[in-house]
């Protein structure tokens, strides 16, 4: 277990944590603190106010946003985590399994190796789409009142992005070339739970208008819609990638539990190692 | 987003994933697979059977156990994740914040650095307690029928452990010297939700009998009771540490979101760096 | 040890590695390959051509550049690695020590945690300076023939950078405000060993001209000059950060060997944990 | 660059680092410290005593052992690092490449992912062999005076290990079934450089006597002999794994530089992903 911060034995609460200060320097936090009798988390009494009363996804949102989600926000947040949890044998899942093959005694290393692939190419779209939508909305003075208005804004945004030689994040998928099955479901869930906001509205409009601007029809991918959903939940862009990492952590643990029970890591390694094309430098 | 496994475009389902095999070698998995139209997770249709219908904690249990939890099992599993999510400025939280201070552009690195502390000393007790209890139960032919019987078994186990010069995992806490506030709550929740099994029964008995054997009274710590709860949920011991890592991942994201908004990492670094006692080798 | 690629038992050399191909897919590499009788590294016979005949720093350069360094290049490369190996209790060293405190059984995790801080803020300057100098040189059609010419180019570059609101990488140091002691020594070594090239020439000129443009005199820092030295050794910018990571790996191992013998990690943790200023969200 | 420890501006040297103490707590270290004018490393003046005068491998040994190696020790240490630097497409190299494929912007993450495989199965033999030999030597009161004596001790050790149902670390190799090409070269180098000590003597004897005890002839593998060489250099067993990690760090950087120039990571990923055998749980 983790030895936690401890105030004076007589202390009534976490306020005393700083009363034990031995130096001029203190370290601000609003997350966790302990006394001999109580563990505080986000200012709540962990044992009596949280255990059995708050869900794990709910707590994760609370920790990242410093704000307890409404039931609707919680449902949408967990839907996004479920959508991003796993995508089969991705590079991150393979890296985690191979690390487990090499060092099975340190599960934390295999999970860490898998999460380290959570960068620009494979988990970044969620964050990129959220930032792109937020920035685009920030540029327009007032919000469109109807689909026609959203289409107009979307057309401006897509045109400007194309003119700059950039790609619109969240458009296109290597496998789901016509439609990403997650996309319509997440849109529908957001409408049903009343969390459908400006980011999703703009993203939907981008889906409608991009074909006539880009000259081809691309699907709105699941990672992009997840970014729009999270942005509509008012989560800071700085932690968007964190949501994807938390989701992926669960997926990686599934892969590692499976690897422990029915290993394929050694076969993956040999499948590469026995098929090298050796081209040494001169 | 992560490009996912794709079968032949005409394929009806993931069975086709292996039909596209180009080599004799295939890689077994029961977790994720995709076709152009469908994403499968644990054999379910992610979009239509899981999104908005399964909670994140529920999915994490399902991934690790390959078995969907009952509502009671889900509640207890999430209670454990909440109990283990954070303990304030632990070494793992500080390591994550300092890594973020050095490389803020790579959030995944800061999370990974934090999880890498999830080893024997700070997250291992959950796994150690679960293994200790399971091993002890495996030794006894039949289960005690009453508290007296459990006390007898617990006395044997504690005596044998002490004789071997080992410690009983889950006993004692550096801060909560009298009682870990999480412990009675988790026992009570397990009873109320009907998941109170042999592991918790033995752990409770150890709490009752150890004083007369060890000569001093120690609290049953929260990490230990979490291990007993998870073992009673029939999760494989191989993933116990994984539960602690998933819980901690959420806590670390809370610390990193806070660090992004109100940084203390540089102060922590300077607090060490400016107070070194330099003792070079001869 | 690591089981290595193996060709057919009768095979004379690594060429056979691909002759054992079981699939259409092969994986190109020029680094390592093995047969039952021989281990090849960079096309050399590891046992008979490299062991005891090539230094470790020399091999590291060879691996990254796919080119064996000259004795002068090797000396300068090792000088840079020595210059970047350690800077005392940096955030990366503290993160590594705290990870070791939490999980001493997994040394690789502590080293990895330390390297994960090797991002933009603490190890990035070497790479940034090399890229900045290379880009600036690429812009000018021909090379200046004398210091006056270099000063002119440097003045253009610094002026343009300032106009763009950017900082010149490699200028300034929080501790060595007048002069970084490594800088003159590395310049002198490069001159003596004949590896002083255009990148160092431009960097030196930036040191001469920036005061009259920026209005204040800043030192050329050691990380910046290391980037200039490595660029003059014609190492690809893509691996500049890798040089800093390799150097830091040695420094971290020094910290961890010291932590194992004379631990301070727990004191660092308590120094933070006992001085928190708890400010829970409303 | 990394801001380093700084004493009072007037301070003559690192002694002042602790004179700036603001709290009762100080942190012992003998590695690095800085003042505005000087950077100290291992008590030396980095700029004037080390740059260009100490090799990188030499410094790495000095950092881990807190003792400068003799030229012979340095040669043998670097020979071991060269022997362990790379083994082609090992699980660790593949994990590093796949992580780079996913997050090319964070090279440190790819290196860290590769090092995280440096655990019991793939890099542990060096450490295990060193510990095994040291423990065996510690048991015998005095050292054998001749090969016959060493053979006797080796026979005892191998017999006892087999009786305990354990394996002798350093015996056997999946590819080099007759002889590991590194082994005879490292023995010969140690003899030539005068670092051949008791650990190598016992290891050599194990190579001679094990066939008649185990009933089959196994090669002394390179990782095992590296452990014996390092133990004869009197490096602490606690950092043996660190030597393997440092060596591997160079090898991984070679793989990543190659991956950046001529990528195969995506092919490796697709080679797995397109060949899954999907077996969802009931």
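Letters A, B, C and D mark the chains in the order given here, with residues in each chain numbered from 1 onward.
To be clear about the criterion, a contact is a pair of C-beta atoms (placed from the backbone, for glycine too) under 8 Å apart; a residue touches a chain by one contact, two chains touch by 3 or more.
In this text the structure is predicted, and so the values were computed from the model without any measurement.
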Joint neighbours of subunit C and subunit B, given as chain labels: A, D
Interface composition of copies subunit C and subunit D: same or different, split at half: same
Chain separated most widely from subunit B, comparing mean CA positions: C
Between subunit D and subunit C, distance of the C-alpha-averaged centres to the nearest whole Å: 20
Centre-of-Cα separation between subunit D and subunit B, whole angstrom: 31
Of all residues in subunit A, the ones touching two or more other chains: 4-6, 22-23, 25, 27-30, 33, 42, 66, 88-90, 92, 103, 105-106, 108-109, 112-113, 116-119, 122-123, 268, 271-273, 276
Interfacial residue positions of subunit B with respect to subunit D in the complex: 4-6, 14-15, 17-18, 20-23, 25-30, 33, 40, 42-44, 66-67, 103, 105-106, 108-109, 112, 116, 271-282
Touching residues (chain side subunit A, partner subunit D) in the complex: 22-25, 88-92, 94-95, 98-99, 101-106, 109-110, 112-113, 116-123, 265, 268-269, 271-273, 276
For the subunit D and subunit C complex, residues of the former touching the latter: 1-6, 23, 25, 27-39, 41-42, 45-48, 50-52, 54-57, 59-60, 63-66, 75, 78-79, 81-83, 85-92, 106-109, 111-113, 115-119, 122-123, 125-126, 173-179, 181-182, 184-186, 189, 221-224, 236, 238-239, 241-242, 245-247, 249-251, 253-258, 260-262, 264, 267-268, 271
